[in-house]
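Some structures to go through are shown next.
Shared between the two complexes below is chain A, which pairs with chain B and chain C, respectively.
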Partner chain A sequence: MNLNRFTWNRFFIMYRRPEMIIRIAKKEWKEQLREKRFLAAGLLMVLLFGAALISSKAYYEKEQDLRLQAQHGIEENWLNQRDKNPHGAAHYGIYLFKPESRLALVDRGVNRYAGTAFFVEGHVRNEAQFRKIEDETGLVRFGELTPAYILITLMPLFIILIGFNSFTKEREGGTWRMLQSHDVSLRKLLLGKWAGVAFTTFMLFIPLFILMGLIIYNVSGIGEFSFTHYLILGAFYSLYYLVFINLTLIVSWFSKRSGAAFITLLAIWIVAILVVPKLFVSAAQYLNPLPDTNTVAEMYREARAGGIDGHVPSSARELEREVMEEYGVDRLEDLPFNFFGLRLQVGEEYDTKAYNYVFGHIHSVISDQDALIRKGSLLSPFLPVRNLSMAMAYTDVDKHWDFSEAVELYRQDFVRYLNEDLMYSSRTGDTYLAGSDVWAAKPDFSYELPAMREVLTAQTGNLLLLFGWVGFSFLGLLTIRSTSEES
Partner chain B sequence: MLKADRLTKRYGDLTAVNELNLEVKEGQIYCLLGPNGAGKTTTVNLFMGFVTPTEGKVFINGMNVAQNAQETKCVLSYIPENLALYPNLTGLENLEFFAGLSNGQLADSDLKKLLNEAGLQQGAFDQRVSGYSKGMRQKVGIAIALAKDSKALILDEPTSGLDPQASNEFARLLGILSDRGVAILMTTHDLFRARETGTRIGIMSEGVLRREFNAKDVKHDELEQVYLEQVLHNVQEA
Partner chain C sequence: MISKIIHLEWRNLTSNRWLQVSFVLLAGLILLATLNRSYHHDAYQMKVDEVRQTQSIEFQNFVADHDSVTAGLKEIDNQRINPIFPFSLEVRLTPQAVFEPTGLAVLAVGQSDIHTGIFPVRTFSDPINKASVFYNPATDLLGSFDFAFVLVFLIPLVVIAFSYNILSEERENGTLQMVMSQPVSLMAVLVSKLLFRFLILVVTLLVILLLSMLLAGVSISGNIEGIALLSGFTVLYLLFWFGVSLLVNLFGKSSSFNITALLGVWVFFVLVIPTLLHVTVEKVHEVPPRSEALVEMRNAEEEAMSLDRNEILDRYFMDHPEFIEAAEGSSADEQWREIYEFYKWFYVVRQNIAEAISPIVDDYYSRLAGQQEFAGKISAFSPAVVLKEAMSSLAGTSPAHYNHFHASTEEFRMEWMGTIRDKMLREQFVSLDDLDTLPQFSYSPADVNNGFGRAGMALSFHLLVVCGLIVVFRKNAGL
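Our next item is the complex of A and B:
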């Protein structure tokens, strides 16, 4: 075996004998198939994936069902509410539910923690409610069993398990000398081994991914199944696996013993998947802490200070003067609209400004945290793929925030509609009662999940990091060359 | 076919092989005798290109191993003391794999024929190698050499640990290869086997080739005496 002639240039040269690479890959595959640890690990992966898929499907369907029922009930309640002052109806409020993509079945992302329903009412911009985590025990902190958890967290372990001894077993078993005595270059041997591990990995991943696609396609619920979207998600997972395949082979080459290779790879897995993400999340929370409830309330109070309170007439004396002057009247009763409605609307706009300031600050803290966590991606390929997975499933923080902003815009329309009804359907005071025709004509809420192009554009950073990891790991394979004549 | 020209290998202060001149012609079986540490295995490693010589050259089929490492592997087969095969593959699959590395795909019937020729029992063809005895593994090694259609075969103490019957069988196989014109270089401790099997015998100690004989011209007693003299010389030196 020519151990000293391996160069990057040759790595890409068209092989004179690609069948040799295929032969080595087939041998690797055959050996793996006959090893109990491979069969046990493969079976365990299939069982865990099956369990995750079944539980995710059940969760998703139940969630969709509850959501449809709730949305329907809320809509009915709104339409059937008794006659009341429109501002009273603004306080009565409605709920809006965050729409889910079918891919939420793969990756639930932050939904469990961030909540899925927003209460829309006058004066207040509420955060999402019905956080699933509130109903669960602390055990869920150990990680949810979702298909994404299996594919992102456990699959690298499977790759390590099948590939850690790719080279060390040849040295330990003595077959290295046999290979050296044949006309097989290190480049071909490496490619053959790479193909063997990759083949095994994708022989497990592809059927599972297809099965999951079929289940998602057939699941009853809202939203279309986008084949392209799903394929792109699969491509991200595949790129991530390439990183681990490459790392596994690099470590196996540089380790003297299989045990050492396994321990090293296990340490890499722990650092990349458990330590780095937690470390950077903790650092982000420590360096850029989110304001607590009291601080948020204080910030709101400060931002709101000096503004008009729609419920407090004394806070709107100047507005009264300006409006009466503009309309050339001496009394509020002579205005062509109900001043009370206007006062509520102006007060609402002050509320909105204050909330925009507070939520803008919160968003900026989250962005700073996100930027710091992204730095951790330089140490772990897990972070970019996790972010991409959540983004493709529309369950990441960005989508949550996007929906929250859409709800807020709707809330402003909704409250304005009711205030304007009060303004133009009555002349004075708050005794006017609106009826079902007003409730039925409220603005409709419509929200479209961002298009895939938008999602990918927003994820450019994570995409570059993932591609960087793939490139870096392939460059790492270049370091595989004979360093010792005894190797 | 196999030639060492002033071949020297040093590891720091230790000279494992010192100015070795040796030639194995086509059809010749050269048995390299010597005590432990004589430099036999280093010589084999130099021929195989596993280690690079400090000085001198190794030629296989006229090609300098240092300059044509890859090309020389095409005409050369190797059987170490403990032939390592893939334990989870059958004998047939191991042969298919290693033969494939050299000669491309061979038909199943051809592979079986080779195993048969190497003396492996038919019932063992499809058994996993993990259950093979050393003799059975050596037979697969011979089958690999046959499949490769090698012009030269290098064996590093292939019969150590084999029972007399297996050893005889192995010697018979080497004879067949020799008759086909294969140049064979074999290291061994077994004087009897060297004389019975070899066409030429060399005695090595301290990295130096001390004596060479034509196997048919030397009696066992004489060979034993020379060998012991060398071993004794080594012991006294030590």
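Our next item is the complex of A and C:
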């Protein structure tokens, strides 16, 4: 009759005696501790995590060193180059190496698969080169031993292992009837079981996560260690575990036998972590293929057509006329600056425009691919947490582009600096060789990782998907409650 | 008696809905995987054909231009593209290094998703930069869907689901006593049950695979050797997993124990060992970073360019006096001589740079090969890794194949550079006969050590170990 009072009543009955729930949770936990295979699995997780942490740290520090060394070598190259025309120096160019945030120690994301070196030169915007994966054996394709691999790929298996028989063991052991005859509401039983699995999961996760935090805090790396940032990353993993805890209990409830529960859960794990991502990648590559080199070259030619080419005097006749008119001179040689430098700079701007167009197109194809893969999140809680983890660790594709864009802006400055040096240090027709002072005064490159707020805003979609999974899996648990009370 | 068991088995299996559904699902996945790879493979072949076609058109144009220029009908001001001048070979007849997988490319993506297969090779090409296309690192990270993935990752799970309760079920259903009372040993019953299931799985698998290969347009008769090898590896791999399943059943524990234990073994061989092996390979067999070669290359370039032109040439001719004589006999006139003079310097500089960095480049490629060799050896720890690598080899897309391809490309670049350089130093013009003797790039997947023998041995070894353990535990279990 009065539905409101009724539910409130239910609520109070449930929480008036939480000791029952705690008792069940404790019993679950004790049982888990007693089972040797849980202990073995837990120990294996800890050992693997330790190995992942150690090897990740060593790898990170080595990569960091190599990059610093390479950057240093390139700087030396640049400073010690012989005297030459500034435009020759623009062709010689420099390389910029992509820094890795210290959080890459948690999740290396796409770093092995994306180029690490950007060639900065006149006329051309280059895609990042030296992808680590090009120098790898096939082993890395099985997965990379990083903390994120343990936390995202293996941890759900551990959750499944400790929770798959939560209910089926009661049915199989014949204790089901006994429980029903006692004063234990099924809701309390459910909560108790849930608390038992969750407790073990987080007892394993939290210490490992704190340990990792300490190591990352102490490693000398790029970016400040932000406590909030790290905590939010941990919260994402936790939400993901809640999804698997809920799924595990739901499946255990609806299964008649432990074996069946395990197989179902395993199938869910395989579909979510192995099959769906690969299927959606294949679909994305099929529906939104990346343009090949010829198509890109054609696009560039079209976008570039009709523009001034710095190396072709005949392409800039109109510019010559305009400039001579403006300065009231009849010959380029009488201009107060070197016209070759101006022509190069104007040509450079055409190049930049054409490259912006080409790279914009490629980025939009990649965005479409990623958006399609994200749709797989509806079938897999793995995808949103994978993306969130990479994003927080600054190792996702967005950060790669972010750096690539910063390099491009720098490239424009760098080339302008050299063109302007040519323009103002000499007159048209002069033979001009710039020297070490010019090389030393080149613009500095600096890059800062985007702020956390920015990262999170960009990840709204993945955040919603993860929350959706948490919400739906809890709703699933609630349906258990209603069916159980009917029976 | 055994035939009765098999008959019963057959009826059990055919009445199992879940099993039928999972077989249909499996067939769908294999078909999807094969068609997916064949789509990418076809797209690649189309690109290769396009490049070849462009090359042949350019060749015809070159010959036609060459005829007109030598006949005096045409004058080309830009000497870089004048077909009688050797430099035009670099820009107009740029050789293309083309990677070729085997006819079984649809089986395994291998490294083909991260490497470019088509490279223009010129004297001034970068010897260490392998990337010339655009890529999406996110898709590469998650990986593509291929038959190798289905076979290596998913099929063992089907085997496990197929056999985890082969003995425990009898006990839990209370039918064990009945089986024991029959005049056949329990072991014989178990083995015949498993073998029967194994046969059904293998036959289904191979039939589905052959059908999807036919649909993908792969020639069966042309790749019969590869298919036989693949079948052999598949049989060994499946037997291994069935063996593990029997072994776990022999412990006489509950079904739920069996399945968790078997899954543990799967996780261990498929997820854990490979990552540990990867870390070991990286630790033991480091590959020098390419950035090192890069810095060295830029130093060498600056050094070579900062020397006086005449000095560089003089120094070179001291070691190679034959070119002085040859150049004196050249038919080039004064105007051409000047042009040749510049390009002589250009090619000698390139030669100097190549000599300066060749130790680093050679070291890079040989250490990469060494790393792959080492990885191949320690892969023997996991049958999953062994099979995956063997399938990449069968498809001709393994890291070793690409390494060989890149190293051959670099070797070819040196040969090409030598040919053009010599023509420059001798001040020779290009004749049509020269076109037949230009170095040709060649690459064949057959030249690569495929490691099939080792793979077969490793898989057999794992199977033997499992069989040995079965024999030991059989005694312990009193069967």
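Throughout what follows, the second predicted complex is superposed on the first by the 464 of 487 C-alpha atoms of A that agree within 3 Å, B and C clash if a C-alpha of one lies under 4 Å from a C-alpha of the other, contacts with A are read in each partner's own complex, and residues count from 1 in each chain.
The rule is simple: contacts are C-beta pairs under 8 Å (C-beta built on N, C-alpha and C of every residue); 3 or more make two chains touch, one makes a residue touch a chain.
From a predicted model like this one, the values you see are computed outputs, not experimental measurements.
Visitor: Which partner does A:T175 reach: the first (chain B), the second (chain C), both, or neither?
Guide: first
Visitor: Which holds for A:L66: it touches chain B only (first), chain C only (second), both, or neither?
Guide: Touch status of A:L66: second partner only.
Visitor: Let me test your reading of the model: by the given contact rule, A:M20 touches which partner, first (chain B), second (chain C), both or neither?
Guide: first
Visitor: So which one touches more of the residues on chain A, chain B or chain C?
Guide: Of chain B and chain C, C contacts more residues of chain A.
Visitor: Look at A:P289 in the shared chain and tell me whether it touches chain B only, chain C only, both, or neither; answer first, second, both or neither.
Guide: second
Visitor: Once the structures are superposed on A, label A:I362 by its partner contacts, choosing first (chain B), second (chain C), both or neither.
Guide: A:I362 sits against chain C, while chain B stays out of touch.
Visitor: Using the superposition on chain A described above, determine whether A:S425 touches chain B (first), chain C (second), both, or neither.
Guide: neither
Visitor: Who does A:S238 touch here: chain B (first), chain C (second), both, or neither?
Guide: neither
Visitor: Could you pull out which residues of chain A sit against chain B in one structure and against chain C in the other?
Guide: Looking at chain A, the two contact sets are disjoint.
Visitor: Show which residues of chain A lie in contact with chain B when the two form their complex.
Guide: Touching chain B: residues 1-2, 4-5, 17, 19-20, 23, 27, 30-31, 34-35, 173-175, 177-185, 485-486 of chain A.
Visitor: Can you list the chain B residues touching chain A in their complex?
Guide: Per the touch definition, chain B meets chain A at residues 48-52, 69-71, 73-74, 76-78, 80, 82-89, 93, 97-98, 100-102, 104-105, 128, 148.
Visitor: Spell out the residues on chain A that touch chain C in their complex, using ranges where they run on.
Guide: Checking each residue of chain A against chain C gives 37, 41, 44, 48, 51, 55, 58-59, 66-67, 69-70, 73-74, 76-77, 80-82, 92, 95, 97, 109-110, 112-117, 127-131, 133-145, 149, 153-154, 157, 161, 165, 168-169, 172, 257-259, 262-263, 266, 270, 274-275, 277-282, 284-286, 289-294, 296, 362, 365-366, 369-370, 373, 396-397, 400.
Visitor: In the complex formed with chain A, which residues of chain C make contact?
Guide: 29, 32, 36, 39-40, 43, 47, 50, 110-111, 114-115, 129-145, 149, 153-154, 157, 161, 164-165, 254-261, 263-264, 267, 270-272, 274-279, 281-283, 287, 289-292, 294-295, 298-299, 302, 305-306, 368, 371-372, 375, 379, 384-385, 388-389, 392, 398-399
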